[in-house]
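Got some structures for you, see below.
In what follows, chain A forms one complex with chain B and a second complex with chain C.
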Partner chain A sequence: MNTPLKDIIARCEGLFEDLRFASVQEWKAAAPGRKAIGYMPIYVPRELIHAAGMLPVGIFGGGDQMEVIQGDAYYQSYICRIPRSTVELGLTGRLDCLDGMLFPSICDVIRNLSGMWQIMFKDKYVKYFDVPQDYDDAIGGEFYVHEMQALRDDLARLRGAPVTDDELRASIAVYNDNRRAIRDLYAFRAQQPWQAPTVELYLLLRAGCVLPPEEHTRLVREYLAAAAAEKRTKRDNARVVLTGAFCEQPPLGLIKSIEMAGCYIVDDDFMLVMRWLLDEVPEQGDPLVELSKAFLHRSAQTPSKYDDKKEDKGKYLLEQVRTRGAEGVVFASPSFCDPALLERPMLQDVLAKHKIPYTAFKFAENTGQMAPIREQAGTFADSIKLWSAA
Partner chain B sequence: MTTPIQVMPQAAPARKPPSVQKEDAMWLQKEMITRNYHELASAHAEGRKISATFVPGNLNELLMCFDFVRRLPETDALQNGMRKKSGKMIMDAERDGHSEDVCTYVKTDLGMMLQGEFGPTGEPMPHPDVLLLSYTGCFTFMKWFELVRQKYGCETLMLHVPYQGDAKISPNMREYVVRQLKDKIIPALERISGVKFDIDRLRGYMKESAKAEEDLVRVLQSAKHRPSPIDGYFGGVYYIGPMFTAFRGAPEATRFYAMLNAEVQERMRQGKGPMTPEGELAEEKYRLVVEGPPNWTHFREFWKMFYDEGAVVVASTYAKVGGVYDFGFRHDPERPLESLADYCLGCYTNLNFPQRIDMICRYLDEYSADGLLINSIKSCNSFSAGQLLILREVEKRTGKPAAFIESDLVDPRYFSAANIKNRLESYFQMIKQKRAAAVH
Partner chain C sequence: MIHTAGIDIGSGAVKTVLFRHEGDRSLWLARRCERIRRRDPMQLAQQSFNEALEEAGLAANDIEYIATTGEGENVKFATGHFYSMTTHARGAVHLAPEARAVVDVGALNGRAIWIDGRGKVLSYKMTSQCASGSGQFLENIARYLGVAVEEIGPLSESSKNPEKVSSICAVLAETDVINMVSRGIATPDILKGIHLSMASRLVKLLKVTGITKGKVLITGGLALDTGLLAALREELVNEKITGLEAMNHPDSIYAGAIGASLWGAFRHHRLKELQQRAAA
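Entry: the complex of A and B
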């Protein structure tokens, strides 16, 4: 029997709200010696963690339900919120279930947080995970393969046994399957956004941050079946791509507000780690080399990644707009987020050249006032409709 | 980035500093800076190419091999800050669509370009022919040069320098930088400049660099002496000027540092205190270590708050943004590309937090400092994110008092003189009490 849609969503909500990560604790408790490794945005090759028999756990801040008390004492007012809520999660013992944390190369805030974590949580494995900004196999690729090998060696030490090539290949296959399911999910939403509201898609992605990938893939497929069977009303909304929320997360209420105000989100950059690699990673050959090639030549574009040529700027966003049939772009960036906010004018410039309308606002993970955003999104949706009618 | 430099602590007209020797080095530096701005202004007319790059990971020796006239956009921004021009530039950039939240160095640079092709001195400032994106120690650098490229179409060369996340330079990191230099950067610089790369020329410049670095370290370490003959922060930005910008590797920079070192050693022998804009500091009352860049829009006012109280900065992390030389690194002509890689990898903001904290604790000890002051810069996540942990850790490890103030590099809206002064006064008070308690 198919799982009813509301049960799937309720499960995802439960996982999303549980800042004590009970599901991770349960997974660990189910077999002796299991370990979980946390990672922050924006990208880490989760295949390596999985191949070591560990659970990769995406940490995307504390959301709007958690009070940040201690975390605020570590950051000035002009720094974004995700590091302070992450510190709060750590200091309040909510991340005790993690045996290690990976801090990917995304910005100076998360970079510095890696060293802070080394100081604050001395008994944990902590790694700043660098990725190349040079996209030649012989240069950036070489470097990246070495970086992945170093991570693989660390994980092998933690586990007490080497991580074999076959294990890595098997994990690549698991994540290929997960990426396929998520691609299907995105395609489904773009085709029938009324059938798959973004808030549901978002919760599904968040579930993928804590569930083992195999289970997450099943859940996404169950959702697709259940959502397709549901009868929902199609509204005359504008179709938009939401961009800028690749790190600190908007509150759920904000995502709901945008859709309620008349915008169907048909693509976004939430939890890019799950869609970073744009197609299949070959399951044969040298697994690290294949992961590297996928990163270098077939991965998403985001502000923390260098665009080799001027002409490349905005290509990914334009592609999102084109393939999803979007009519406009909503820039939703965290306050004080240098990468998102410095990238924004460049993307806007590209959109303007292609006559694609856009609107922009800032948020924090604990933004409480939705009225202004609803109003702005509503006006934007109206203007798109007027524009397309003209 | 964070990089100041090419700053001349000018004597207040009525109270010219008495030290003629000091002035020799100052004049030489002033000449160098002025000449560089002239060269930039006339470069294109004379058929010369212009490069732009950042202070941390500034590959000046390499750029000189291709006859580029060298521009450092951070330095331009700070010069505009000191000349009180940055406020308007920032607002112009914000009106042009840039967020109020982002780094003001970037907005000053973009604002300057929006106002036309004029540099801080008012002379023409043509657009660079190449942006060498030496990606060291700050993520914003990448966006900065992408923005300039987007608007003005300048060719951009990425040199990715990995971060020392594990507090070390691994062979993989070094090899990665060297490969980029060999296979990408050097061939591209040859193509753009039309000049063939000559590794012996590079070695020659690096030899000069190493000599100058030796003298710079002697100057900076003179502050271990009591009283310190220098101020390692406000004065320090003047000492690091040529080294961190368009001059390192040139014989004139070597001469500058030899002259400066001789002056400083002489001051030390004579038991003199540091020079300030109002003359020599008569009595050294407090010895501080400072973390974070200074504010440029109110540089003199800010400095005055220190020297009026007899506070001397004996060591600063800011004087290490363009290269950390005091723990032994020197440019090494025997292994030129590896050494350039190590230089880039070793700049202060490319160090991880435990390394930064160790360095500050070491300074507090080796320079017999009374405490740590953090000037937290709103613009600069690279420096600032996490500084409150630095403060706690350093206090915990050294038992010395630490204080925290906030300002910005070049945005005059974020300099609150009254707040800063109050904080500093209570901090000095705290040091005094701590001393008194230690005596009793």
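Entry: the complex of A and C
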């Protein structure tokens, strides 16, 4: 029997709201010796953690339901909120279920957070996970394979046994399947955005941050079946790509407000970890080399990723607009997010050159006042519907 | 020929209109204005829509586009939603083609909108969250003073020595009014003072939009308050903004709903064009 849509969403909501990570604790308790490794946005090769028999757990801040008290003491007022709430999660014991934490290269703040984490949580495995800024296989590729090998060795030590190539290939297959399901989900929403509201898609992605990938893939497929069967009314909304929310997450209310205001979000950059690699990673050959090639040559673009060529700036965003049939772009970036806010004018230039309308605002993960955002998104939708050249 | 509906859910009333469009002509078929009075606005929207259909002799599936505006984003049977600025601008040029600005004064806030001859919003400014420049505040004061809403305008116009109240905060303004009553200030002077305070705030908003000349149509629930219109004219003179002329229209209260309905017709044609283009 198919799971009803409301049950799927209720389950995802439960996982999203649980800042004590009970599902992770339950997964660990189900078999002795199980370990869970946290990772921050934007991307880590989760295949390595999975291959080591561990659960990769995405840590995307504390959201708008958690009061940050201790975390604020660690940062100046001009720093974004995600490191504060992540520190708060750690210091209040909410991340005790994690046996380690990966801090990928996003920005200076998150890089420094990896050092702070090493000092604050001496009994945990902590790694700053660097990424290549050169896309030549022989240079950046070799560096990245070396980074992944170091992580693989660390995980092997934690596990007490090596992580074999066959285990890695099996994990690549598991994540290829997950990526396929997510691609189907995004294609479905772009085709019929009224059938798959972004707030539901978002909750599904967040569920994938705490569930084992096999279970998450099943959940996404169940959602697709249930959402397709649901009778929902199509509205005359403007189709937009939302960009800038690749690290600190907007509150759910903000996503709801944008759609309520008359926009259908048909693509975004939420939880890019699940869509970072744009196609299948070959399940044969050297697994680390294949993961490296996928990263270097077939991965998404964000402000945190180095652009090799100036002319490539905004290429991924333009592709999102083109392939999804979007009519405009909404820049929604966290306050004080250096990568997103420094990149924004360059992306806006690219959009202006292609005559793609855009609007821009800032948020924090605990933004509570939605009226101005609703008004801005609503008037933007009106301007597209009434005054665009199409 | 197509039919469209416009439903404007405000904080004080639900306004519903039906239009028939033939070529460039738009014929107004039916209208409803229901005060919310603690009722569910969504149910009221459905009820008003049904009544308007009945008045026009139409069925729901005769309506090609149902457009909402104001707080109507959640109306389930709507085809699309437009924002208040967009719809008041379009409604204003429909009612008064010469209008180049709109002052929309609703139950909870006010806004000034600079528009062009097509009803396109060029710039706008809203009051902040404080309700002192709003219809609800004026209605509350009238109730304290024992004055019926329809008496507010004529009484205000008969004032000889208006006493201005705080234009910043509704709570302070209410305190001002209590003090005035205890000091024996005449009711017309209190009401005129309130109108002048509201007008001064609205003129400031108009100035911020950048408009300097043209006609300004008052829309929203207070559009027919003659006292407010007179005060607005006085404040424009006081501020030496001689290029702007305030005016109202008997149907100003429907401006948002009219704009929604007309934009709905525009969208219906555009969507049809896009469909035909895609099919070709």
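The rule is short, and it goes like this: the second predicted complex is superposed on the first by the 387 of 390 C-alpha atoms of A that agree within 3 Å, B and C clash if a C-alpha of one lies under 4 Å from a C-alpha of the other, contacts with A are read in each partner's own complex, and residues count from 1 in each chain.
Here, a contact is a pair of C-beta atoms (placed from the backbone, for glycine too) under 8 Å apart; a residue touches a chain by one contact, two chains touch by 3 or more.
The shown structure was predicted, so the numbers you read here are calculated from the model rather than taken from an experiment.
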{"item": "Chain C versus chain B on the shared chain A, clash or fit after superposition", "value": "fit"}
{"item": "First, second, both or neither for A:T164, with chain B first and chain C second", "value": "neither"}
{"item": "C-alpha centroid angle, chain C to chain B via chain A, nearest 10°", "value": "100"}
{"item": "Superposition-derived comparison: chain B or chain C, residues of chain A touched", "value": "B"}
{"item": "Touched partner set for A:Q70, first chain B, second chain C, both or neither", "value": "neither"}
{"item": "Which of chain B and chain C A:M346 touches, first, second, both or neither", "value": "first"}
{"item": "First, second, both or neither for A:N2, with chain B first and chain C second", "value": "neither"}
{"item": "First, second, both or neither for A:G115, with chain B first and chain C second", "value": "first"}
{"item": "Touched partner set for A:D308, first chain B, second chain C, both or neither", "value": "first"}
{"item": "Minimum Cα separation, chain C to chain B, after superposition on A (Å)", "value": "18"}
{"item": "Contact footprint of chain B on chain A as seen in their complex", "value": "73-76, 78-79, 83, 103, 105-109, 111-116, 118-120, 127-130, 132-134, 136, 138-140, 142-143, 146-147, 150, 303-304, 306-308, 310, 313, 333, 335-339, 341-346, 348-349, 362"}
{"item": "Chain C - residues contacting chain A, complex", "value": "65, 73-74, 76-83, 85-86, 120-121, 263, 266-267, 270-271, 274"}
{"item": "Residue ranges of chain B in contact with chain A within the complex", "value": "96-99, 101-103, 106, 133, 135, 138-140, 142-144, 146-147, 149-150, 153, 156, 158, 160, 162-163, 165-166, 170, 172-173, 175-176, 179-180, 183-184, 352-357, 376, 378, 381-382, 384-389, 393, 406"}
{"item": "Interface residues, chain A side, partner chain C - complex", "value": "233, 235-237, 260-262, 375, 378-379, 381-382, 385-387, 390"}
